[in-house]
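Everything below concerns the one structure shown next.
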Amino acid sequence: MNEMTGTPIAHAPGFIANETPRIVTARFDYEDSHTLERYEATDGYQALKKALKKTPEEVHDEVRDATLLGRGGAGFPAGVKWGFCPPGVWPRYLVVNGDESEPGTYKDRLLMELDPHQLIEGCLIACYAVGLSQCFLYIRGEMAVAQERVAQALNDAYGAGYVGKNILGSEFSVDIVLHWGAGAYVVGEETALIESLEGNRGMPRLKPPYFPASIGLYGQPTIVNNVETLANLPWIVQHGADAFTAIGTESSPGTRMVAVSGHVKRPGVYEIVNGTTTFRDLLYGNDMCGGIRDDNQLKAFVPGGGSAPWFTPDQLDLPFEASQVGPQGSMLGSGAIMVMDETTDIPAAALTLTKFYAHESCGKCVPCREGGTWLEQILRRVVTGRGTARDLELLIEVGETICPGEFPHAAVPDKGIEAVPFPYRMTTICFVGPSAFAPIHSALTLFREEFEAKVAGNETRTMIEVAVDV
Amino acid sequence: MGYLGGFKVTFMKLFEERVTTEYPKEKRPKPSRFHGRHVLNRYEDGMEKCIGCELCAGVCPARCIYVRGADNSESDPVSPGERYGYVYEINYLRCIHCDLCVEACPTEAITESKLFEFSFANRSDAIYTKNELVVGDDGLPQRQPWELWHEGDDLATSGWMRATASAGNPDYENRVGWSGELGYGTRDPELGQHDSASDEKPETLAHEHDQLEDVD
Amino acid sequence: MSEQDVTEVTVTVNGTEIEAQSGEMLIAAADRAGVHIPRFCYHERMSSVGMCRMCLVDVDTGRGPMLQPSCMVPVSEGMIVDTESDDTKRAQEGILEFLLVNHPLDCPVCDKGGECPLQDQTLAYGPGESRFIEEKRHYEKPIPISDLVHLDRERCILCDRCTRFADEIAGDPLIQFTERGNSTQVLTFPDEPFSSYFSGNTVQICPVGALTAAPYRFKARPWDLEENESTCTTCSMGCRISVQSSRNELVRYLGVDVESVNHGWLCDKGRFNFEAVNSDERLTSPFVRDPDNQRQLLGTDWGSALASSAEAIRRAGPQKVGIIGGSRLTNEDAYAWSKFARSVIGTDNVDAQLGDGLPAELVLGLPPATIADACEADTVLVIGPDLKEELAILHLRLRGAATKGRTQVVQIGAATTGSDSYAQRSIRCQTGEAAKTLSELLSSDDPLAKQLSDGSVVVILGRSSVAESVDPAVATAAVIQAELPHATFLVAVRRGNVRGALDMGLAPGFLPGRTRISNPSASLTEKWKQIPEKSGLGTSEMLQAAAAGQIETLILLGADPLSDFPDRNLAADAIQKTKTVIAIDNFATSSVAQADIVLPATAYGEQSGTTTNIEGRISRVAQKITSPGSTRDDWMIATELAWRLGGDLELTSKEDIWREIEQVAPSHAGITLERVQSSEMFEGILVQQSSIDLALPVPKDTPVADGYGLRLISGRKLWDAATTTEQSPSLRHLAESPSIKVHPNDLQRLGIPSGTEVRVISTRATENLTVTADDNVQRGTAILPFNQPGVGANRFIDATAVINDIRIETL
């Protein structure tokens, strides 16, 4: 990173400020951004006071009007999700999904480390709007600094009367409970997170019910929201839904945080305008990533976290807009961009991702538990030069048992391959199983020649041949 | 000529090659799939191949096989693995030498020899127990007092055939995989627990393999 | 979903419209319609988890066909299901290939091979060939996770059935998933074995051979098993089982799923005690006492053994003969003996219970309830034994009903029990004072009093301790009859077919068909030559009479008073003083060893007939193997003896006996042999009529504790020194060595540290025992389980006392 331009901020490692409007990262420039003093000095907890003056329904309507899309991966509008709580059933819980463990994603960590009060205020607003009596903050076990800062912030907030009984003298009371995760990727899946929170093994629950809003934590209606989603709430309440929707596009308003890693000049977290910023703006913009390292050629990039199908330079001009990225065969997911330049060994890169998902399978569904590891084993064989042409077909065949039917992928105009739109079908409960297959499928579809080179000259053998031979 | 005409065939046959042999003075070589008296094979290290699974008894149409399995002791195992054939009996008054037991055997433990000349004076001799069926330390069948043996009869005790899977690869349909002579040659030791994270090439895959021998 | 919401919906499965109930899972609806959807993790008695993904089928709810796990999708109106679509088939093949990827395929050595759902479904739905050529996952081959169960993690397909069973059904969550992804495995917690009373069920429901039972290990292959549907008679629950044998040897019992009784579950004691039937210790020929050496029994032939028995009975005369026992017998055998005693010998000194049960009056006369009634009652009031230890499957049923919220379990007793974990309330009372506690509760303003008096109540009534006489239980029954007249009873008498034996009149003062001796049916008077005019003696009185020299010939009909009668000293004295003791049994128990004539009887699995369970349900006992040596059925022994005494029972077969029972027993009228032999017997035929007008005896009051002694509580344990357990090599060592449990404060008061050996003194005996401090023991009481190996509690108990007190001293 010798050729860095712009203004790196020493006390906000990983975060790079740019010229976009700043909603959730506004305080990141301050060295003491995580303290209550700084938060209060920069309009902190004003939104809560404003919200408490309104009825919960008004606050809920404000958020619904803002079309705040969930930032955890699925991109479901938060205001609509809140509305799924069956009326008249109490208690209801808010669970904050801070178990950010998607490969390449580290935006929530910064939000928790650098502005924990913003998250707490967001939680309180959500609780007020939906009538939630208790909030559980589930923070990934490995995030030591985030845990420390959120815990400190929560103590301070309790001390200052923002959390607890009769908040700011009102009738509204909420308790926030901190919970550290124990290091399982699958707990990022909301129902697995609820299981983990209940003290059970973190395994996804079966759907239906499709949302824990009806039956969630301890069998009660539960709202599960991502950290970044909640961090947007103070700004929305403070400035109004109209101000929020004025940024970005109609279907994807506001800003979003993206975490860029890999072969760019300035990897880091950026807050970008939703819906209008394109991948090219992000990767090549001078106030953003500033281009590919060593001015190499871009080979491929993962647009939405390790489980998303890959894009090639052909898709660089797509904006951060789910309705445009989906038909092109991928998803925006958790906002993690992984960039691979021309020097990348594509099969090896796919193996790294597949290995992660195979390892992180919770072991519940057979296709994910057995299929993921099998895919990894075959791919490892290919990558280490022991694979055969048959193995390349086998990778797809095994993957089709996890995801029956056509798997989404980007178009490759050179080869006449058309894009297959998102989403995929799957035989598993959650997305971990398909995620093990996604990198393999993308890599094989977009860069088949690299795989073929690896298996060239190796003979195809079937099980019977191997068995009879032995 | 009259009645002499009736001898026409006889005279013509006089000058043809003789097809009968003077059994038992003279014995003809037996075909490779000849079904004779059973043997229970052992591995080179002396371990019995029989695991007492009772598949032979289950498949036997004459119900002449009686098998009981038992737990191998860890310190002094009879066969590799958890289970061994604790009782093994074949009643030769019932056996029809159909060889289905040999096909059913998952470990090539039971095969048939070319021995067929044996007769008994009492019922208990007709029931061969494990002690009598299991091969000796040299890997060859043990001779029972009432069996007539000739030179080389104790060799060639196998003829083991792999059944092809009905739903298998069409390339392999109707092709028979012969395992070759049993009790001879060596096998690779079984692999230990392979660490999936290591990039070591598993040994089984390292072998060059021969094309299947097409028997028919 | 509450019951009112259930509506009928129509679902199309493979083009055929079927009716289903809303809220029901698709797989269950398909099962009823005869469409089999392959599955591994789904089990109709447990909640769905959707782990195996084998039951994926194409479901179209208006948004186009989608692969959905049918064990997780509730049926809805208009749903279109295709279980044979191409997508479904591809998914099934894929899942099976995945399941086999790491499965060792060691079917030839696996106990499940031949009856394995994984094998069967692979054959039916599998791809036929694997594309997997990598190294399989390896684990240490079978590891024992308990004394009875081995776990082979290589074979495991992680269906969650065993872990779910342990958690949901048994309430012993001692096995769990550990690790994740491809390394996920089922394991116990470190240093904590899967020591559940119900562990054998996990072996039965395992869809692969991952869990195998030590007693069955490598005993047989499924294709050489023969089976008969029968009923377990280890306790009086009457669980339906399948008795399986190979080469005339019992090798396995499997639970049969019947709605009314056991739901397919068995306790480990019932499941594995078949080993006793195969025991080398079985009595196979008659014995008589050596006239030259009184310490020795000599083998003899049946003729002379029966002749000497008949002579001893004749010599004693009807008043001086007593018959103890009969709960091991089938109903038919019990009837034959009942008839033999009254009609031929002319005595009414018969008692199937060994002084550790309840008066026949209560068992036969209290308003009856069924197990299903208990599981649906608003409140189940348990005043009696620890159900988990004595009637384990009843405990399981109640636990299921209580955890699903269908019923509330309320206990009153002096000790902690296995039901505490699911009971709504466990009320601790002083030993022997449950009746007082209950009446105080009912007259208080406790909401529970209202719950009991307003809602339906099933009372499970029994003796909570063998060191207590029947009086506290009788007093409790009286309180309930007076205060809660709507309550029905499940009388917890536990031994084998004790209920059937009482029904057949093996109790003093009672005749077959739940009638009093004073009130015989017309057909009975016709069939029986004589009926004694007045009631005879019960076991306790018989033993007292024998000890006083008033009984000359005592017949032990499968009874071992030295081990099972609460008062060992009295039993020993009685056997000693009786001139001739005739024992009819399977094993040389301690009482049999003292007998003068020993007649070997056939055991369970060797005799056919019927048995009656705790609720009065008659079900079939099947013969599976031929009995060893010259053992005979009990009814045959009765007819032989009758013949030698100049009488004739006119009974020639079990069918014959049943026909006569149906004629003479008023309660059994209408239950013809045809019905008994029909498929109706799968669930069993419930008999609850009784012509006994209940006149409860006046109970003796419980004496006040003196403050020096400790009140002895002696309940039973599942694993004890019972003959069938002792004779089963796998079960023998499961019984704990006896130790007397006392509250730590009581021990401290006496200055005795926990774990030391102490002198235990009662009015009956002084013995040395180890004492253990236990917080769960109520102060002022001491717990010593009954019939444990070693120094048994029966040495300390005086059967005539209402309550037994003991004292503890340092050595």
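Every chain is named by a letter (A, B and C) in the order it is written, and numbering of its residues begins at 1.
Note that in this section a contact is a pair of C-beta atoms (placed from the backbone, for glycine too) under 8 Å apart; a residue touches a chain by one contact, two chains touch by 3 or more.
Since we're looking at a predicted model, the values are computed, not measured.
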Selected interface, A-C versus B-C, where C-beta contact pairs are more numerous: A-C
Maximum centroid distance from chain B, chain identifier (CA atoms): A
Separation of mean Cα positions, chain B and chain A [Å, integer]: 62
Centroid spacing, where centroids are CA-atom means, of chain B and chain C in whole angstrom: 50
Inter-centroid spacing, chain C versus chain A (mean Cα positions, whole Å): 55
Per-residue overlap in chain C, given as positions that touch at least 2 other chains: 129, 133-134, 182
Where chain A touches two or more other chains, by residue: 373, 377, 461-462, 464, 466
Chain B residues counted as touching two or more neighbouring chains: 165, 168-169, 196, 204-205
Contact footprint of chain A on chain C as seen in their complex: 48-54, 56, 66-67, 69, 72-74, 87, 90-91, 93-95, 97-99, 101-102, 129-134, 157-158, 176-177, 179-184
Residues on chain C engaged by chain B in the complex (per definition of touch): 106-109, 113-114, 127-129, 133-135, 138, 141-142, 182, 217-218, 221, 223-224
Chain B - residues contacting chain C, complex: 51-55, 57-58, 69-71, 81-83, 106-107, 165-169, 191-194, 196, 202, 204-205
Residues of chain A that touch chain C when the two form their complex: 184, 186, 201, 206-208, 358-367, 369-374, 377-378, 381, 394, 397-398, 400-401, 404, 425, 427-429, 461-464, 466
